[in-house]
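Pasting the structures here.
Two complexes follow with chain A in common, the first pairing it with chain B and the second with chain C.
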Partner chain A sequence: MDFMLDLLKKKSTYVFLAATIFVVVVPHFSSPYVLRLMITMASGIIAAMCLNVVLGYMGYPSLCQNVFYAVGAYTMALATLRLGVSPWTALILSPIVTFIIGYLAAIPFLKLRSMFFAIGTLAFTGVVSAILVNLPKITGADAGLRGIPRLVKNDINFFYLEIALILVILVLTVLMSRSFWGKILIAIREDEDLAPHFGINTTRYKRMTFAATSALTGMAGAIFFSYQTYISSNYFTIGSSFTALAVAVVGGGGTALGPIFGGLVVVGAPEVFRGMTAGMTLWRPSFVGAVLVLVILLSPGGVVGISQKLMGYLKKRGAN
Partner chain B sequence: MITQVILNALVQSAILMIMALGLTLIFGVMKIPNLTHGAMYAIGAFIHYSLIEWFEVPFVPALFFAALLTFGGGAILERVFFRKGGGSPVVAIIAGIGLTYVIVNVITNVWGAWPLRIQTPFRHVVRIGSGAISSHNIVTFTVAISIAALLYALLKWTKFGCAIRAVSQDREEASLIGVNVNTVGLVTFAAGTMLASIGGMFAAPITAASPTMGGTAELMGFAIIILGGMGSLGGAIIGAFLLGFVDVFVTSYISGGWGGAVAFVFMIVVILIRPSGLFGKKGRQI
Partner chain C sequence: MAETHEAILEIQDLSKNFGGIRAVDELTFDVKEGEILGLLGPNGSGKTTLFNLITGVYAADSGRIRFQTQDITNELSYRIALKGISRTFQSTKVFHTQTVLDNIATAMIARARKRHVSETRKKVADVLDFTHLGKAKTAIAGDLTHAEQRRLMVAMALVEDPDLLLLDEITAGMSGEECNEMLEMAKRIRDRGTTIVLIEHNMRVAMALSDRIVVLNFGRKIAEGKPEEITTNETVLEAYLGREEA
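Then we have the complex of A and B:
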């Protein structure tokens, strides 16, 4: 009973309850357009949450998150369309394939540090997007592949599927950050040259983390493109590789909930501006860019950082 | 065919070199990757275009004018946005992405999304063996080499160049011996941006100017400076010629779509063997 009362006193309980109600109830009452937006947002959030582990805990700003998104998605598309596998088998297959690709990519790229790593992975995205465009017989290139079978019939169930994956990743992130593994990642972020002196095999942890987060990203790609039933190389350009990083950083790097807020801002902002500035559709990208610049320069801690600052300020005023 | 391909590769490499020099200069001093470089490459070409078409300035004076304008633009970018980032590469990357959205959007709205061709006064075609090269390309190549030489001389023999080298080696030490680190950063960033826009101005008559023309060029620029060693001028020059040749040769002999990809794979292989690039050394940059 005391335990329940404690829960009732905590603010986070109410936040959690509100979020649950929102997630369960809202999709049933929203228009197809809003539902589609929410599904897109959720898949962006998954990619960013995976990146958040690599960036926020390990300190590696990866710009090839959408490569793994693409690998997972194309595994789904090719396995179902070309091999005739059922979509649920393909959903299990896609993280396995992405894990292998992620591990192989980790071997060369994790030798680079900080922005060298960022630019190296950006070049990797360039290579992969060129492969997608230049092999039309396999990937369908610009014209794309149509008729990817859906995992579940209803759009709302796709949303729940993604929310389930978000929860799994959230729990895994929190567990990881409290475990020995998380401590090692933070040690790598703070001083990678010092960490091996404590007998930590940094290379192994780095590669495993990178591959595991890639695998989950690949799964998100598989779900999203099964929802969309259509895939083309246009979704995986070099420009789109920045989105995941923007979501992770704008939300607040190194916090478990950051990417969720980041997704709301980065993926949601364009849609808000679509509604607000009906006569100025042409200038929409400028607004999005301005939001990114403002958030990052005003608060390097992202949206979470801003809200913490704000709460601290309000508390101070309350005390006075 | 081989003569023609080599001539094309030389011109392509020269344009890449102008841009990569700017990138490596900014990286050396500020230690951040400048993701607005591609956008400034494009805006240089468009300002040049408007000076010629709207204000009827001749080609060459317009070039100098546009370069000055982008120098000012770069100074504003550094003062207003990048200095606030405090040298954090992740902040610089996100701010760069946001600014690129804005700049590319402004270009699209002001000049339109369709490619524009700038008429160059250098239209004479010179035949060399079995190949042909337009005099615009010869001018481009000459300008690129002169810029590299001029930059080397400025860095080597002027007091301000010495200050730039000092800051790129050790920011704190440099400020201790009385170098105004902020001014050096401002001027370097502005100069680097100006180099990007000069690259765009010379590329536009060859490839036509479009709002997104900077994206691929920027990525190639980063590949070049990673290959050459970030912050190294000589590395940027060698890297530009290596990747420019790989790009043009693959494009000419295999297929148009694979040029950039093979160049990136080449860069990835090199950094696997030497993670600091061909000429990158710890502690000594520019």
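Then we have the complex of A and C:
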């Protein structure tokens, strides 16, 4: 009973309730366009939440999140279309395949640090993108593969599926950040050369974290392209690999909720400017860029940082 | 007292080159259990390189390092730490954005053996008390004073009771009083039964603390013995003060 009373006193309870109502109710009253936007946004948020662990907690600016999204997506497409397995079986296969690819990629790339790691992973995205284009018999290249079976019939259920995955990742991130694993990742971020002197096998934790977050990103890719029923190499260009990074940074690196807010801004901003008059559409990317730059300039802590500042300001005013 | 104890660390014909520079040159000496061994030598004589070889930061070109009779030459740093060798650094190294407690917790994570939470708490309380950091335990490490940061570095190295502690210029950048406090702490560490190898620039400090001293110059051992023997050693004086022109 006391526990319930405590919950009622907390602001976060109400925020959580509001978010739950929003997530459950809004899709039922949304136009197909808005629902599609929400599904795309949720997918981007998952990729960014995974990157957030690698970037925000572990301090590695990965630019190959897109690769794992692609590996998961193509596992779904190829397993269902070529091997004839059910989409649900493919959904289990995707993270397994992505985990293995993620672990193998981690072996050479995590030997690099900071800028070199970023450049290395960017090149990796380039290589994978070129492979997808140059193996048309397997990947369908830019013409793509059609008829990927859907996991669930209804679009709304795809959205719920993604929300479920977001919640799982959120809980895992919070648990991780409070456990020894989180402390080790922070130690790696703070001073990777110091951590081994306390007996910490940094290589093992880096590789496992990279592979695990890759697997969950792969799952997001599998869900999204099962929803879309069509996949093409055009989705996985070098340029698009920056999206997840933008979402994570704009949201606020190293916070569990950051990528969710980042996703709303980074994926949402282009859509807000979509309604502009025909003559202005060429300027759309500039407006989107301006929003992102503004967020980063206003608060290096991202959207989460801004909202924390705002709450602090409001509390001060309330106190006066 | 040192002579009666067995060697805990054995360095044998150890060499390390950086390009054309021979940083450590066929070095051989032992560290005996329970002693404080001082490593002396002018700048660039290979003292820190030796620490980096012992703790697996660098791979040796030749020679062997044995710890408690196990060969640890070119072993990975984290495995060496797990075997019971801890170290501090010449330039202060702590996790700057974390609290003192989180720093100590991070230092314990991998080395802690299975035990009750109360025992872990006692260990933390003890090490905070030992390093006089009790009042600062919730402070962010980056906000501590230089001396406090260096004590934190010692606390992190010490918390899981290493068998061998390598102290790299613990008094670097400290005032006279802070220096004395640090020397006092080093003695108390030795009294706990921890063997210490310390690098020290300051002759007075090294002489006051060490049971035995090894002097290096250009990566080679030029003298070894009790402090009083070292102070009168011709080669040592020459290395430190230079040859007197006749």
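Simple rule for what comes next: the second predicted complex is superposed on the first by the 316 of 320 C-alpha atoms of A that agree within 3 Å, B and C clash if a C-alpha of one lies under 4 Å from a C-alpha of the other, contacts with A are read in each partner's own complex, and residues count from 1 in each chain.
Keep in mind that, in the parts below, a contact is a pair of C-beta atoms (placed from the backbone, for glycine too) under 8 Å apart; a residue touches a chain by one contact, two chains touch by 3 or more.
The model shown is predicted, which means the values in this text are computed figures rather than measured ones.
Novice: Putting chain B and chain C onto chain A via the overlay, clash or fit?
Specialist: Pair status: fit.
Novice: Where does A:V291 make contact in the superposed view: on chain B (first), on chain C (second), on both, or on neither?
Specialist: In the superposed model, A:V291 contacts chain B only, not chain C.
Novice: After lining up the shared chain so the two structures overlap, which partner does A:T202 touch, if you call chain B first and chain C second: first, second, both or neither?
Specialist: second
Novice: Based on the superposed arrangement, let me know which partner A:D191 touches: chain B (first), chain C (second), both, or neither?
Specialist: second
Novice: Once the structures are superposed on A, label A:F180 by its partner contacts, choosing first (chain B), second (chain C), both or neither.
Specialist: second
Novice: Specify the partner with more touching residues on chain A, choosing between chain B and chain C.
Specialist: Chain A has more residues touched by B than by the other partner.
Novice: Minimum C-alpha distance between chain B and chain C after superposition, to be given in whole Å.
Specialist: So the smallest C-alpha gap separating chain B from chain C comes to 13 Å.
Novice: Kindly list the residues of chain A that each of chain B and chain C touches, one partner per complex.
Specialist: none
Novice: Show which residues of chain B lie in contact with chain A when the two form their complex.
Specialist: Spelled out, the residues of chain B in touch with chain A are 32-33, 81, 84-86, 88-91, 93-95, 97-102, 104-106, 108-109, 215, 219, 222-223, 226, 230, 255, 257-258, 260-261, 264-265, 267-268, 271-272, 275.
Novice: Per the contact definition, I'd like the list of chain A residues that touch chain C in the complex.
Specialist: Contacts found on chain A: 180, 183-184, 186-187, 190-191, 193-202.
Novice: Can you tell me which positions in chain C touch chain A when the two form their complex?
Specialist: 55-57, 76-79, 81-82, 86-87, 89, 93-98, 102, 105-111, 156-157, 160
Novice: In their shared complex, at which residues does chain A touch chain B?
Specialist: So the residues of chain A in touch with chain B come to 55, 61, 108, 111-112, 114-116, 118-120, 122-124, 126-127, 130-131, 133-134, 238-239, 242, 245-246, 249-250, 253, 282-286, 288-293, 296-297, 300.
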